[in-house]
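Per-chain residue numbering starts at 1, and chain names A, B, C and D are given in the order in which the chains are listed.
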Amino acid sequence: MSKTDVSRRGLLKTGALAGSGLALPTIFTAQSAHAYTNEPTGSSVTLGFNVPQTGPYADEGADELRAYQLAIEHLNGGGDGGMLNTFSSKALQGNGILGKEVKYVTGDTQTKSDAARASAKSMIEKDGAVMITGGSSSGVAVAVQALCQEAGVIFMAGLTHSNDTTGKDKRANGFRHFFNSYMSGAALAPVLANAYGKDRKAYHLTADYNWGYTTEEAVRSSTEAMGWETVAAVKTPLTQTDFSSYIAPVLQSGADTLILNHYGGNMVNSLTNAVQFGLRDKQVNGKDFQIVVPLYSRLMAKGAGANVKGIFGSTNWHWSLQDEGSKAFVRSFGTKYGFPPSQAAHTCYVQTLLYADAVQRAGSFAPCAVAEALEGYEFDGLGNGKTLYRAEDHQCFKDVLVVKGKENPTSEFDLLEIVEVTPVEQVTYAPDHPQFSGGALGTCNNGA
Amino acid sequence: MDAIILQILNGLDKGSAYALIALGLTLIFGTLGVVNFAHGALFMIGAFCAVTLSRILTLSHTVIDETKTDFLGNPLKVDVPYVHDIFGIAAGNAIIDWAVPLAILFAIPVMILVGVVMERGLIKHFYKRPHADQILVTFGLAIVLQEVIKYFYGANPIPTPAPAAFKGSFDFGAAIGFDPNLIIYPYWRIIYFLFATLIIGGVFAFLQFTTFGMVVRAGMADRETVGLLGINIDKRFTIMFGIAAAVAGLAGVMYTPINSPNYHMGMDFLVLSFVVVVVGGMGSLPGAVLAGFLLGVLESFASMREVIDIIPGINQIIIYLVAIIILLTRPRGLMGRKGVMED
Amino acid sequence: MGILEVKNVGKRFGGLQALSEVNLSVRENSVHAIIGPNGAGKSTLLNCLVGKLIPDTGSVMFDGKSVLGRAPYEINQMGISRVFQTPEIFGDLTVLENMLIPCFAKRDGAFELNAISSVMDQKEVLEKAEHMLEEMNMADKRHMHAAAMSRGDKRRLEIGMCLSQEPRLLLLDEPTAGMARADTNNTIDLLKQISDERDITIAIIEHDMHVVFSLADRITVLAQGTPLVEDDPQNIKGNPKVREAYLGESA
Amino acid sequence: MKSLTKNDLTLLVAVAFLTLFAPFILNPFPEGSAMAQFNAGYPDLMQRFVIFGIFAIGFNILFGLTGYLSFGHAAFLGVGSYAAVWMFKLLSMNVIPAIILSVIVAGLFSLLIGFVSLRRSGIYFSILTLAFAQMMFALAYSVLTPITGGETGLQLALDDPRILGSSQTPEGNIPVPGLFGMEMRDSFDLELGSWVFTFNIGYYFCALVLIASFYLAIRIFRSPFGMMLRAVKSNQQRMNYTGLNTRPYTLAAFVISGMYAGLAGGLMASMDPLAGAERMQWTASGEVVLMTILGGAGTLIGPVLGAGFIKYFENIFSKINATILHEWFAFLPDGLEDFIVAILYPFIGKGWHLTLGILFMMVVIFLPGGLVEGGQRIRSWLQARKSKNGRPNGTTEPAE
């Protein structure tokens, strides 16, 4: 019994030791000694690339990482400079950022919000990253964005398409270059009305989670505004792999258009299933049955193979664009890696450049200074034409591409063709648009 | 009415896939007494047999087409499959087109080999270990197998279409007097259903009518007695494992046109197939098949929008809900024997 | 009126009538043996007595209270302990722990959430367990894993565990099955000693006539699910019906 | 409160030492050195070590003692997190009420699920727990989005009502979880030469909770209740015929381990106020099974070691990429360097799942007692060597 007393006293003692540590700031430097989180003091600055390296989106993550490495190379003055040469801002000199050499660390999001936050935290706490970027899903983007807000670093979102990222879950330290559900709907609707007529009955299959909800809502309201009718909207589980029981009843409902609000593996499977059912060979209400995929990505198109042929969708960017910026980027990416970049690679590359440029213009890595430099900033030459980083919600406004699956692809990367470049005016919305309501940016956080 | 017929049809089709996977799982459990968490991985490897064969068939050499350019402005490199050179373009394309059915022939020896190696190399040492250990080691194996596949084939799904001849769907409704287009079902899924029934029937016939099958059934009933009779049951069980692996593999091969295969498809099916086996009753072959079809049909009904409108989210949980209800009301599943897996 | 009264018990498994019209009365403080050829229904009867099976018909009264429909642990708490054919002990636990568990069960009942105090602090229970081990001559093995002991020791331990609960009725299911002669004799001596020294009733199911006639005060012969005769050992030995049905076969 | 045995006391002191000095132990390499990437002494990972340690300790009370293999324990961690975040949103940013609520909520859920699932044993029990957890995950991810935040997870917002405390800080930010004015995220750096050691308040809070949880686990292991649980695993038949009702014992173990999971979930939310549905998925439950087995099921220290091992793998090992490998082997001739990197590459960095899978198989095959058994084998091997050198040795210690 005396032994326990020893252990209890021992506990108290060690507890007191820990307590005394807190009370001795002369030995311990509290982090508040820095002006902001992870202020780079040496000759280099570290950026954190948080991309899925394991799990179903690993290939997309790998492409994002390639783009980041290319961007770092260009920022440090290596390679052919890529889009630095076409970027409207000439602040960056090719000598790093503010003269500091750019280094990077990587983390694995596993496409899970918990894991993504863990890897982001590790890059912030252990590796001293001053900015976090990347990701290939909205859940991850929103989670990491909130984390960066708390930690006091800048978050430059990668591939995230949900309205919420710059809508109800927006944060002052987070910025998104990628387009969103609303823009997809707004860009697609006129093209669809043009191609398929204004008298259509649509059947939505929607992934049963946040991104699915916002995409369905956006596409629905835009197409209904064009005169389409929505016959039904059915939610499908994230873990679903065989969509036959959802697709089989579509024809019975009298719908003549199927809209697949799915992404990734869900989209590959639902589209494959729908095409397999021969829906596109059918005639309903005297019209050819059609399928629409609001958000396309190249990896998804690759997974769905020949099934994408002739199917409309939207993307943020495509390598076949012929503006100078896109051409420069495709050239340096293609030369380095042997194949053209995906839209995920593009947005990640651009986000890195935009961040570096903002720091350069602000003259500081302090998140609030960077945020201020990005807010309301207008630029060009990065592949999407004239673009605005809107101050109210930190969303980029730029042209949106409506694409369609190519009938005769010449290679495994040549799967989509651009149908229309929807001008930015058509996809712009008011900051308080109902689809983006709730939530507030808050104030920027420099951290401790 | 038409909607219900359609979902029954659909449920039978889904169920045939579940039944096929659960059948192999039960076969292994029933004969060897091993809970094989790597069974989903066998299904996945089967699917990748189809991918591999189609890759082999499309092995190419590059020809430079000077008239076209690639995305960087260089002359376009065109891949020409060797089968084009050997059989001519038309015949070559036909062979590539039929890669999935051809993969059946390719997969059978591969899967039997995989199964036998797995049994001799690993499972054999776990007959006497607790079920928990078996679950854990095969779970580890499943992780390893899927990571190996991912290393070689990437994380993205790989499209593996059915032959062009099976494109489109059959109009059941029109055949039985409904309006056209009300009850349609894809040809390939009908083929899958028939294929599954064939395999299930084949396995049952094999166990019922061959001497080998009789010994195995006796072994499933009472392993020790058969051992006492001096029959080399272990060797037969190895073969049985190979057969179970082949069944899982073939299920995978034929599944590729339905869903593009990816490295985690085995894990996706794993939980579900265990639910099927447990609902059917551990160790009962007819139970596994029955439960497969039952869950397939119920899942189809639960995904009807009329049902979801009444009970939101039911499509998310139906499988688990059924599993819980059955296990609580029928402790040994639908057709399970007493005393199996209760320690 | 015996301490255990079995009246008209019948049990059917599908097409097999395992027990029918079983009547049995075990007198207090006696040693009562139930014998019979294989398949006579001895084990089924035993399972009906301890709550593992519920008979289709009839009644089983222990000390004037019905045991039917009660769970095994409840029947145990009424004062019936059971020794199995193959010793059922806690193989992963030490011998001392094996003995502690029935002692705790005796003191605390069917369930007690006693998660904070250490086993080693429960002085009176510890003492009782140690005492019982000594009585069983196993004190030197107290830190051994129970599974590592010989079969005879396991049997002793099991009997000791049952006795530590101070049961009024001890049921034994072929306690010497598979034992060497020496172990069998030791077990017989042990049971004799128990029966002599304690205020306890013993019911034993046994195959081995040597054991039966060494121990029993009274014997019931079971054949094809129904009692053939119930009498004193000397009368049983001479009973021609028994010789024919049972002893004749085995001789 | 009576005595712990000498072994248990040593173990407790060792755990206390390891956790309290973790900032030093986990940062053995100087900042900026090539080995610095193997340092694990940053707050987030240290917090994870101890939080998952608590989770695994709790899981072990169920699995290690009773042998009931639950494949749905992550669900309790999940509901614990949700409860804590809701507490932050509605009541106050103090972690104490949040953690208390998460333990209670997890306890209630485990009572309900345990009551139903424990009607069956063996693999049927595993499947029942798996089914419940998957249902909870699926619903939390989709239809329950208003309560759980769905895909993005439940997080704090600038307009949370928060009865005790303010919705926003004066600077217009969301307040952070704290304990009577100490913010969980606050850290102090100690620089000694080129070494930097970080002391984080949140970590020390978790560490104290871990030590308390570990102490409680020792008490449970050594209590009559713990002995009964081991008896359940060993022989349920004998339990029943000894007048013991096994069901309440297993249910109590299930609820206790569920509450441990809830505690871990509450702590996780206190360190990082976001609760995602993925932490309830069956793979997350599988992870805690891996931790417990890898460390050594049924032992006291094993689960803590296993948790640390897997989290280290996930967070440190996974970050080694090809560039770093090339740096390591740069001293070799080019051809050889590429060759070695090519061989190692599939197993490290993003291939860490593969290595973990192989390792896990190895442990199950060769070391069923996990790392603890490995340690014991090494120890007895060393002792055998010692005694060969002339000193006789006593019996080996009973397995811990």
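What we mean here is this: a residue touches a chain if its C-beta (ideal position, glycine included) is under 8 Å from a C-beta of that chain, and two chains touch if they have at least 3 such contacts.
Since we're looking at a predicted model, the values are computed, not measured.
Participant: Farthest chain from subunit B, going by mean C-alpha coordinates, please.
Facilitator: The most remote chain is C.
Participant: Where the CA atoms of subunit A average out and where those of subunit C average out, how many Å apart are those spots?
Facilitator: Averaging C-alpha atoms per chain gives centres 72 Å apart.
Participant: Taking each chain's centre as the mean position of its Cα atoms, how many Å separate subunit B from subunit C?
Facilitator: Distance between chain centres, rounded to whole Å: 52 Å.
Participant: Just curious, how far off is subunit D from subunit C if you go by their C-alpha centres, in Å?
Facilitator: Taking the average C-alpha coordinate of subunit C and of subunit D, the gap between them is 46 Å.
Participant: Could you give the separation in Å between the centres of subunit B and subunit D, each centre being the mean of its C-alpha atoms?
Facilitator: 35
Participant: Which parts of subunit D, given as residue numbers and ranges, touch two or more other chains?
Facilitator: Answer for subunit D, listing residues that touch two or more other chains: 2-4, 138, 142-143, 353.
Participant: Any chance you could list the residues of subunit C touching two or more other chains?
Facilitator: none
Participant: Where in subunit A do residues touch two or more of the other chains?
Facilitator: 58, 208, 235, 237, 239
Participant: Among all the chains shown, which pairs meet the touch rule set out at the top?
Facilitator: A-B, A-D, B-D, C-D
Participant: Can you list the residues on subunit B that touch subunit D in the complex?
Facilitator: Touching subunit D from subunit B are residues 35, 122, 125, 129, 131-133, 135-137, 139-144, 147-148, 151, 267, 271, 274-275, 278, 282, 312-313, 316-317, 319-321, 323-324, 327-328, 331, 341-343.
Participant: If we count contacts the way the header does, which residues on subunit B are in touch with subunit A in the complex?
Facilitator: Residues in contact with subunit A: 2-3, 6-7, 9-11, 13-14, 17, 68, 70-72, 76, 150, 154-159, 161-162, 167-169, 181-182, 184-186, 188-189, 257-260, 262, 264-265, 268-269, 299-300, 303-305, 308, 313, 315-316.
Participant: Would you tell me which residues of subunit D are touching subunit B in their complex?
Facilitator: Where subunit D meets subunit B, its residues are 67, 69, 116, 119-124, 126-128, 130-132, 134-135, 138-139, 142-144, 282-283, 286, 289, 293, 346, 351, 353-354, 356-358, 360-361, 364-365, 368.
Participant: Show which residues of subunit A lie in contact with subunit B when the two form their complex.
Facilitator: 55-60, 208, 232, 234-237, 239, 241-242, 244-246, 248-249, 251-252, 265, 268-269, 272-273, 276-278, 281-282, 284, 299, 302-307, 319-320, 330-331, 334-335, 340, 410-411, 413-414
Participant: Within the complex, which stretch of subunit C touches subunit D?
Facilitator: Per the stated touch rule, the residues are 50, 71-74, 76-77, 81-82, 84, 88-93, 97, 100-102, 104-106, 108-122, 125, 143, 161, 165.
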